[in-house]
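Following: one structure in structure tokens, then a few remarks.
Chain lettering (A, B and C) follows the sequence in which the chains are written, and residue indices restart at 1 in each chain.
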Amino acid sequence: MSPEGARRPRVLSLHPDRLLPAGAEERGVAREILASMSALPLVSPHGHLDARLFLDNEPFVDPSHLLVTSDHYVVRLLHSQGVALEDLGVVRVDDARTAGPHTAGPHTAGPGTDGAGASSSGAEPASEAQGRAIWHLLCRHWGALAGTPSRLWLEHELHELCGVREVPSPETADATYDAVSAALETDALRPRALFGRFGLEVLTTTDSPLDDLAVHDALAADASWTGRILPTFRPDEIVDPGHPRFAANVVRLGEISGIDTSRYAGYVSALESRREAFQVRGATATDHGVAVSSTERIPAHEVEGVFARLVSGEGSAADAEAFRGHMLDEMARMACDDGLVMQIHVGVVRDYDPATRARYGTDVGQDFSVATEYTRTLRPLLSRYGDSDALTLVLYTVDETVYSREIGPLVSYFPALRAGAPWWFLDAPLCNR
Amino acid sequence: MSPEGARRPRVLSLHPDRLLPAGAEERGVAREILASMSALPLVSPHGHLDARLFLDNEPFVDPSHLLVTSDHYVVRLLHSQGVALEDLGVVRVDDARTAGPHTAGPHTAGPGTDGAGASSSGAEPASEAQGRAIWHLLCRHWGALAGTPSRLWLEHELHELCGVREVPSPETADATYDAVSAALETDALRPRALFGRFGLEVLTTTDSPLDDLAVHDALAADASWTGRILPTFRPDEIVDPGHPRFAANVVRLGEISGIDTSRYAGYVSALESRREAFQVRGATATDHGVAVSSTERIPAHEVEGVFARLVSGEGSAADAEAFRGHMLDEMARMACDDGLVMQIHVGVVRDYDPATRARYGTDVGQDFSVATEYTRTLRPLLSRYGDSDALTLVLYTVDETVYSREIGPLVSYFPALRAGAPWWFLDAPLCNR
Amino acid sequence: MSPEGARRPRVLSLHPDRLLPAGAEERGVAREILASMSALPLVSPHGHLDARLFLDNEPFVDPSHLLVTSDHYVVRLLHSQGVALEDLGVVRVDDARTAGPHTAGPHTAGPGTDGAGASSSGAEPASEAQGRAIWHLLCRHWGALAGTPSRLWLEHELHELCGVREVPSPETADATYDAVSAALETDALRPRALFGRFGLEVLTTTDSPLDDLAVHDALAADASWTGRILPTFRPDEIVDPGHPRFAANVVRLGEISGIDTSRYAGYVSALESRREAFQVRGATATDHGVAVSSTERIPAHEVEGVFARLVSGEGSAADAEAFRGHMLDEMARMACDDGLVMQIHVGVVRDYDPATRARYGTDVGQDFSVATEYTRTLRPLLSRYGDSDALTLVLYTVDETVYSREIGPLVSYFPALRAGAPWWFLDAPLCNR
């Protein structure tokens, strides 16, 4: 172990075994597996990129906007070191509203992720001076990110994509900023070029049923590029009565689908219609992040009344809770009909501090995990559809204990189930300031 | 790593280190420990074999019935690949009822496991053709079982007991079926011979207090064999008011014990009498799988009323919940008196899909684990009996987080407590179809 | 592996790698890290020693009192082997009350740990005969402690501090007792000498706000020694309305602070005053062990009424629950004002068996861990103070699943948060008797 702060400038390098096991024998096996897989094409079934990136195919203009502000994992880690969100380029909601159309960076959540308001982190950086200042903050706190997955990711991006060979530090901040800037100006780092370089076969976005998918249509019609960008149906904002714009979203659902959503039957038909519209554009999956504590269906003779109360704002907390569970079941029912793969991402308290949510919007790093329960919660749903050949349901978790206790056993019985890949990670800094 | 599907037929082999750590140094220590233990006799304190197997000592007749249908872990895994339970030989409850007496295979749960109805998985296979068809299903999905404990177990059985040296596959299905069939016809694989070969010193069954233990008596009276098969007292079906036949079981308890169980005091005496009947036949332990959320006793002046309401079907959910906790305490009290070791296996939602339960009975692979709590739940019971020299209480869990958080600390203080061995496992297939 | 019980006396030795990883490569790295750290001074931010030890600086007089009776982890393990608490020197509360002033040993909890009554384990041993008998019990059960952290700790103490080279056993009990006794008589093992030998830079105690800190004052005034012993503010017994002496403690708080605590505003001022008194004496931190399920503040116009009801004994369970959460928030508010670091140690059911608590007092080994929740519980508190530069809040847990699920993510965002070091451990014996 060489001392930190030695005189010679430190060289940024990537150890080929950096993600492999420490034991020599396991490492040998891991190398074989890695070598056998690394040339395979990537199929990315879940992501939050904005499809417009690939339509416009403009170069990324600002290292800090791309690698810091737009990546809420990096924003989170720098905030933990005492850096204010605004100093990282996170735009206040009020400012964002007057700033015109967004140009979202690679790690920005699409509009369907939350739906309660535009994520402000994707707004364009105000100036190069601000971008450079943000980069200096990243460089100053580089040491605090040691050992985190986010730093491994950043090192990969700097080294492999931008050719940076200096370790970020206050002394190298301007030089590394300039190096990344210069790299971003090259055609090799434009979105479509990266799509090819990464060996992507298909990339999915995450989209609200209220999205008209015009960008996806334009991409499909663009004869100059053959990359496949497919939408994913994420209906959280129109199936969760707790969403602040639930009632308005139901009305908007009616408009975009051309189906009267004032009653429950029409609401369901409109959802089915939008699923079909997604499927026509190549969607293969839906995604669901609404917390439920049961998947019992509301009896048929009661559901119209519950829906009416919720849309009119007169529903109780119990109505909302029951409706959320009912609609998850309803989505499984639709999936059996249309064959869209169903993904569940739950167990996260989003937008933790309401004041920060009000000031900066969503996706600024303040989403935190809680204990998750699947066995009892999904019992009604799995009893109905778990044996079905028509359903594919993928369970994700950020509570790692759920893998061996619940997801593993359930997946080992129900043919409809799949265990989702690990989601999120332990990304805490080794020490705070 | 040789490629799957190479031309030469693949040889089924067992690596001597297949269950040992990957690191060279740990593996060396593990080999020493294993070598020092492998010749020791086996004392099996918890199992679900039917004692009649050893009384009849008939050869096992069908590879599929023995290694697939009767092993609900294997049934579960094949079902997860989309195979219908009926195609695996699991018999519908209606059919089972008309099929005459069961001949249970080695992995079949005894009647005491659930008690709400006979497990259908032990019914005899209908024909050799069906057995062979089931075996083909196992062979077709052999790859999906890669890396699971169940496949390690099957490989051991095939290689060590049946002399199979071909890897199961569609091509080898008939040959391996025939090889296992031939092996099963030999005297070396009859139940008593296996008992000796495995080095078993004693094997316990799991039995309802309503079982008259006639089979155990016959075994004890059989001068031709000295193997020890002991019963275990599992009273779930007569202490859980939520059991569908609770009231009838209480009546039956009175009949088999010759003690009037219409009032609480008699019910308790009858349970004590049955424990004694088990002990006379060599039982050393009880086993309990009823979910409780507290072990508070019902006050003496209330318990008669609660019991009366529950037996008459007029008890509330709160009555049932209180009674379950009270009876777990009562069992600990009896254990202090008679010295039977008390085992607790909780944290499992059994017979998950009610429709599957109704159609196929219990023990068909659809039992799933949930988060378990011991510290608060057992506080009243351990406050009363935890320091007692007379009690031995073994805590099992399928929620592995409970080991370090609850079982470990509790066992490190209370002389009555023991930590149970790991129970169940993460047995999910690597991928579904 | 040499057989246990071989003829030659076994030699007690400490393997230099005994706490390092088993894999050769990881072990090499671990050795480097250990070597680079082992000469650093110790800063002990949380402990339960009695400051009087260092004021008196008397030699420890009894091996058993020091290494067994005063260490409730060792008491716990020996109790699990069926040894009665009294036979380990744990004094009955009634006896302790008449035994005069305590002389607490090193591992004894200070009065602030619980506050509901003096811990009896620190009372002086009755006689050398009793001490020797306790030592024999330790030696007899030495094998049962194999593999536990407590035995690693004891081996270190025996080998490094007392020069013992014989493995404890019934045969060596008298010899090892005599060796430890002789070592304890030397000046090298007096408290102040140990403080120096351990390389301690600072050691903190844990103290009730009702403590006048006279011992700390005397230590500070003692020109003959420069060791730094600082108090820590632990207010559990005056902020938890469920504490049996809550009302009396509030009155006592008024007396010691000279501020009328009959109303809420005065109560808060008195707490602030005591924090200041601690800070004047060098305290840098507070510590909190009261279980809360929320940190919502009680509205300002209601809090006076809730306080009045609780002090008068007329408060409901809901009042008490709300007040506990409110006061944790209030402590965070005060920490923002005065800069004391705030530590939270929750998730433990203390004094599990009420009868044992009544007979022997607190800290006799019967504290057990439960599942812990931080994300939802701390949401109100962290929304108010989590971004503050003025607060440092350290979260500890005995539920290891909380690290990756809750503490890690929260710490990676909120600048006020720190992840506490692992606390407690899996210390269960390999087998019971």
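Everything below uses one rule, namely that a contact is a pair of C-beta atoms (placed from the backbone, for glycine too) under 8 Å apart; a residue touches a chain by one contact, two chains touch by 3 or more.
For clarity, every value in this text was computed on a predicted model and none was experimentally measured.
Different-residue interface: chain B and chain C share under half of the residue numbers found at their contact. Per the C-alpha superposition, chain A sits rotated 120 degrees relative to chain C, a value rounded to a multiple of 5. Chain B and chain C have Cα centroids separated by 43 Å. Within chain B, the positions touching two or more other chains are listed as 23-24, 371, 401.
Contact residues of chain A toward chain B in the complex are 23-26, 32, 36, 371, 373, 375-376, 379, 382-383, 386-387, 389, 401, 403-415, 417-419.
Listing the residues of chain B that touch chain A in their complex gives 1, 22-24, 76-77, 79-82, 148, 349, 352-356, 365-366, 368-371, 398-401, 424, 426-429, 432-433.
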